[in-house]
Amino acid sequence: MTIKQQQLILGIVFLGIPLLWMLIWVVAPIFVVFYMSFTTYDVLSPMRWAGTWNYTDLWYDDLFWRAIGNTLYFTAVSLPAGVFLSLMLAVLVNRQLPFVGLFRTIFYMPVVTPLIAAALAWILFYETSAGMFNYTLDLLGISPVNWLNDQSTAMPAIIIMSVWKSLGYNMVIFLAALQSVPKELGEAAAIDGAGPVRRFWSITLPMLTPAMVYVVITSLIASFQVFAQVRVMTDGGPNNSTVTIVHYIYRTAFQNLQFGYASAMATIMFFLLIVASFVNLRLVGRRNVYD
Amino acid sequence: MSTIDPPDFDRRDRFADARVPTVRSVKLRRWMNNALGFYLPATIIALVMAFPLFWMLSLALKTNSQIFSYPPRLLETPLRWEHFVEIWSDPRMNIGIQTWNTLVYATVRTFMQVLLSAMAAFVLARYHFRGRNMIFYLVLATVMIPHEVMLVPLYLMVKAVPLAGGNDIWGTGGSGWLDTKAGLILPGILSGYSIFFLRQFFLTIPREVEEAARIDGCSEFAIFWRIAIPMSLPALTALGIFSFQFAWSDYTWPLVISTSEESRTLQLGLAMFSSHDGTDWAMLLTGAAISTLPLIALFVLLQRFIVTGINFGVGK
Amino acid sequence: MKRMIYAATLATTALASAAFAQDQVTLDFWEGHSLQEEGATIKMIEAFEESHPHISINRVKTSFGTNFEAITTALASNTAPDVSPIWSGFLSQFAARGALVDLTEHGVTDPSGSIYPGAVDYVTWDGGIYGLPYAFDPRFIVYNAAALEEAGLEPAETFDEMISMAEQLAVVGDDGTVVRYGFGLGSADALAYFFINLLYAQGGDVFNEDGTQAAFNDEAGVAAGEIIARLAEQPGNTLNAQGDVVRQGVLTGRIAMVYDGPWVFHTAAQDDTSQEFVVGSVPTVAESDDPLNFGSVGAYVVYEQSEHPEEAAEFVRFLASPEAQQFRVEALKPGVSPDVLNQDVAQQTFDEWPALRTAQEELANSRIFPKHENWSAVYQAIIPAIEAIVSGDDVQGALDSAARQADRALRR
């Protein structure tokens, strides 16, 4: 067989099997969701065609807009903070010293703790009448704060917990990318008199672009889909200040049994994310590393 | 712990040696640099990062009322280590079977995910053909719909798998893969994330390596199996660890798909401690600590691979 | 359909019992009870299987949390169990959509005489009986006994008294730090139920008469909201994210009083360091008013997809009977049947926990939330409004905007 023939067969088999599997178990359900968004469906009775009704209704749904706003707030703070801090952590542990592995493990551990349990522990930190934070304030003679029960502090409280939970994951990816930056480049620049900050900025950072693209896109998607910690810690309250898109979708589907309406929200979110990822690919990945 | 890296005189230090003559002052300076530049900040950050984890463990070692006592105490004596024994016979959780189920779930899913993603990512990264980028962007787009809305369609599909669980060829009449390990594992073995991840890596394998192999008469399959896979073994390990951890922590899919003890996972077991009547915090956190241990062990064992594993865009 | 899953179980059971009964029936029973309730449920099932040898119960532990993802998806694909517990708005939602069996078609008669009226109300829908209650939790005020004694106070009788008591019992320092909180307001669910209780007490209702519009923003609603606003204003009262924390707060003396239900008994029983507590009825507007509290019901329902509705109906009827309910009292929950007071096990428990008897008697005055097939959407509009009131928003304005949200949900 010629190389071309081999490549053709390999390409068809290697790409075909996974894509077929994805077509069945990932793409098909997505199309069902698209379809459901044009129906009213409560699971218990058959779907009914509703045209674009769900979408027009969404337009007038204040809470949906609120959810989008809250999600953007969450993303706008947690994404840059998370990316920046995990990069700093990666730089910190990117060295060969005794015990560095121990530090890496500690920084990674929050990632692997079950989210429900971690959220419960954080609730106890934040609790008004018996929490650790308010106890500390009390020792300093400051009156207590309703961390999770105040509209202005609830979202920051969730953001802090979420950043803590996911720092290690991105740190590992940055760490790997840092390790592959050739040391010679830094040394050459040092000889030329560049300080460590400038070396990092003009040499290391550009080399990190591919990792940055991956981290930013996956963090963007993850923060757009933030749900579990919101559900456990505040369930959207107080006064809807922490309702996020997926939280609202979940509630609409599984509490109000409006699967059609929930699907319409999911569809809109899908397109929002496509646009956001595209913009991000253009901005972060403009040194195009893809081809 | 087996993760402690040996001391290493890296090149920057040798560079410094050239400028500073006495060995003793070099050692002292290096020690000072390491202490102030690494150990001090790293220890402070580690304390902050680890405190919630320590807190979770300390909660697991308290009784439920001690958990809520005010002022909060770091540790209460006696430490209730017996929770870690009692949980193995707690009727709510069935932690033994569930650990086994989760292990099977996470292991099988991880292996299939790594293999299938590697196949797809290899073709998407190394071969040039029309529509390649289109396919890649479509694959990436699939991760942008929240999993929660897909539960019902997926569930209906799992039930309608032909010739399984008493189904006829049209997928009717039986329960399909519902409440089976197949139904738990198979629908989730591929995700856009993992293909994205590996494609980023395969892009970085130098073209020369591939060309040289072809000249030596390697078949295309051998290039994948004997060159691409070994070269990216670290990346595959990293992906493996990440997918293992995601499968291990997965909650909603196991929740809807498993009804019997034979397919229930640890996360579902943990959720049993939280009910309409309130939460059994101590046991929940004990279970959480136990269910976290294998993941930490895995990271400790394999972190070398991760660290040298993900190698984006460099060396191209 | 789900028979396939349990085909093996069935076959074994059938073999073993073929000699005794030809028509052995196995019912799938999904539950997600707490440890406290589970113990009682196991005893109830044992008693049932003993008196009904031809029916066996396959109890499946399912994690429900507060929702029914597992059941909802199972219903979608026709693999639902025969029987499961259900609570909050789900019964009306499911009944309105034809997913539940009307038990009157299977020999269940109107349970009004044998079960508290509030609980009967919950399972009645459109002239049918779509489940039988197994749990009925009244609300009352729990006081830390030491705090009451120290101030020389008795449980409050009117809301005004309650508010001034909260202020008296709180111990707040000059710098704003708090040694003991007065009233534990909780959050989300706790706040919303408290509001509905107050709304009922003021003579108001959530919906208008035909259920087409929200009515909780009328005078009664505003009066109810004002009470919450006044409590929230006082510096010594606390909001908390978790019900457990508030309850434990009263038991440790960190909080003086809380609006809570029978969960406090179980919590106190589990812990030997907890302080004494006193249970008082929910106050009224005026001393002469009839006592009234908010009660939440859990019911066992039979799904339309069940192949053995007759046997399933028999099972849920048994679970609501006094002889089954006594095991719940033993687990420190009130029974749904007033006759449970005559059962031996229950009487022993009541002697040991006199406050539990008070809670049990409160059930006669318990009123549930309105039944409405869109209740959950309306409820989701009420919670943020009360949270807004707590944070100092204008009461009328917050309720009006919630009513608009609710009306919008009703029109859908």
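Labels A, B and C are assigned to the chains in the order they are written; within every chain, residues are numbered from 1.
Criterion: a contact is a pair of C-beta atoms (placed from the backbone, for glycine too) under 8 Å apart; a residue touches a chain by one contact, two chains touch by 3 or more.
Computed from a predicted model, the values in this text were never measured in an experiment.
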Quick check of your reading of the touch definition: is the inter-chain graph here a line, ring, star, complete or other? complete
Name whichever of A-B and A-C has more C-beta pairs touching across its two chains. A-B
With centres defined as the mean of Cα atoms, the chain at greatest distance from chain B is chain C
Separation of chain B from chain C, taking each centre as the mean of its C-alpha atoms, in whole Å: 39
How many Å are there between the centre of chain A and the centre of chain C, using C-alpha atoms for each centre? 36
Report, in whole Å, the distance between the mean C-alpha point of chain A and the mean C-alpha point of chain B. 15
Per-residue multi-chain contacts in chain C, two or more chains: 69, 72-73, 76, 245, 248-249, 254
Would you please write down the residue numbers of chain A that are in contact with two or more other chains? 43, 124, 129-130, 138, 254
In chain B, the residues touching two or more other chains are 67-70, 152, 271, 274, 279, 281
In their complex, what parts of chain A are in touch with chain B? 3, 6-7, 9-11, 13-15, 17-19, 21-22, 24-30, 32-33, 36, 43, 89, 92-93, 95-118, 120-122, 124-125, 129-132, 135, 138, 164, 167, 169, 172-173, 175-177, 179-183, 186-187, 190, 207, 209-211, 213-214, 217-218, 221, 225, 227-228, 245-246, 249-250, 253-254, 259, 262-263, 266-267, 269-270, 273-274, 277, 289-291
Please give the residue numbers of chain C that touch chain A in the complex, ascending. 67-69, 72-73, 75-76, 93-94, 97-99, 175-178, 181, 184, 187-188, 235, 238-242, 245-246, 248-249, 254-255, 374, 376-377, 380, 383-385, 387-388, 390-391, 393, 405, 408-409, 412
Touching chain C in the complex, chain B uses residues 63-65, 67-70, 91-92, 151-152, 155-156, 159, 165-166, 174-175, 178-179, 252, 255-256, 259-260, 268, 271-272, 274-281
Chain B residues touching chain A in their complex are 1, 3-8, 10-12, 15, 34, 38-39, 41-42, 45-46, 49-50, 52-53, 55-56, 59, 67-72, 116-117, 119-120, 122-124, 127, 129, 133, 135, 139-146, 148-150, 152-154, 157, 186-193, 195-197, 200, 203-204, 214, 219-221, 224, 238, 242, 245, 248-249, 251, 267, 270-271, 274, 279, 281, 284-285, 287-288, 291-292, 295-296, 299-300, 303, 306-315
Where on chain C does chain B make contact in their complex? 1-2, 4-5, 30, 32-38, 60-66, 69-70, 72-74, 76-77, 79, 87, 243-245, 247-249, 251-252, 254, 263, 266-267, 270-271, 273-274, 298
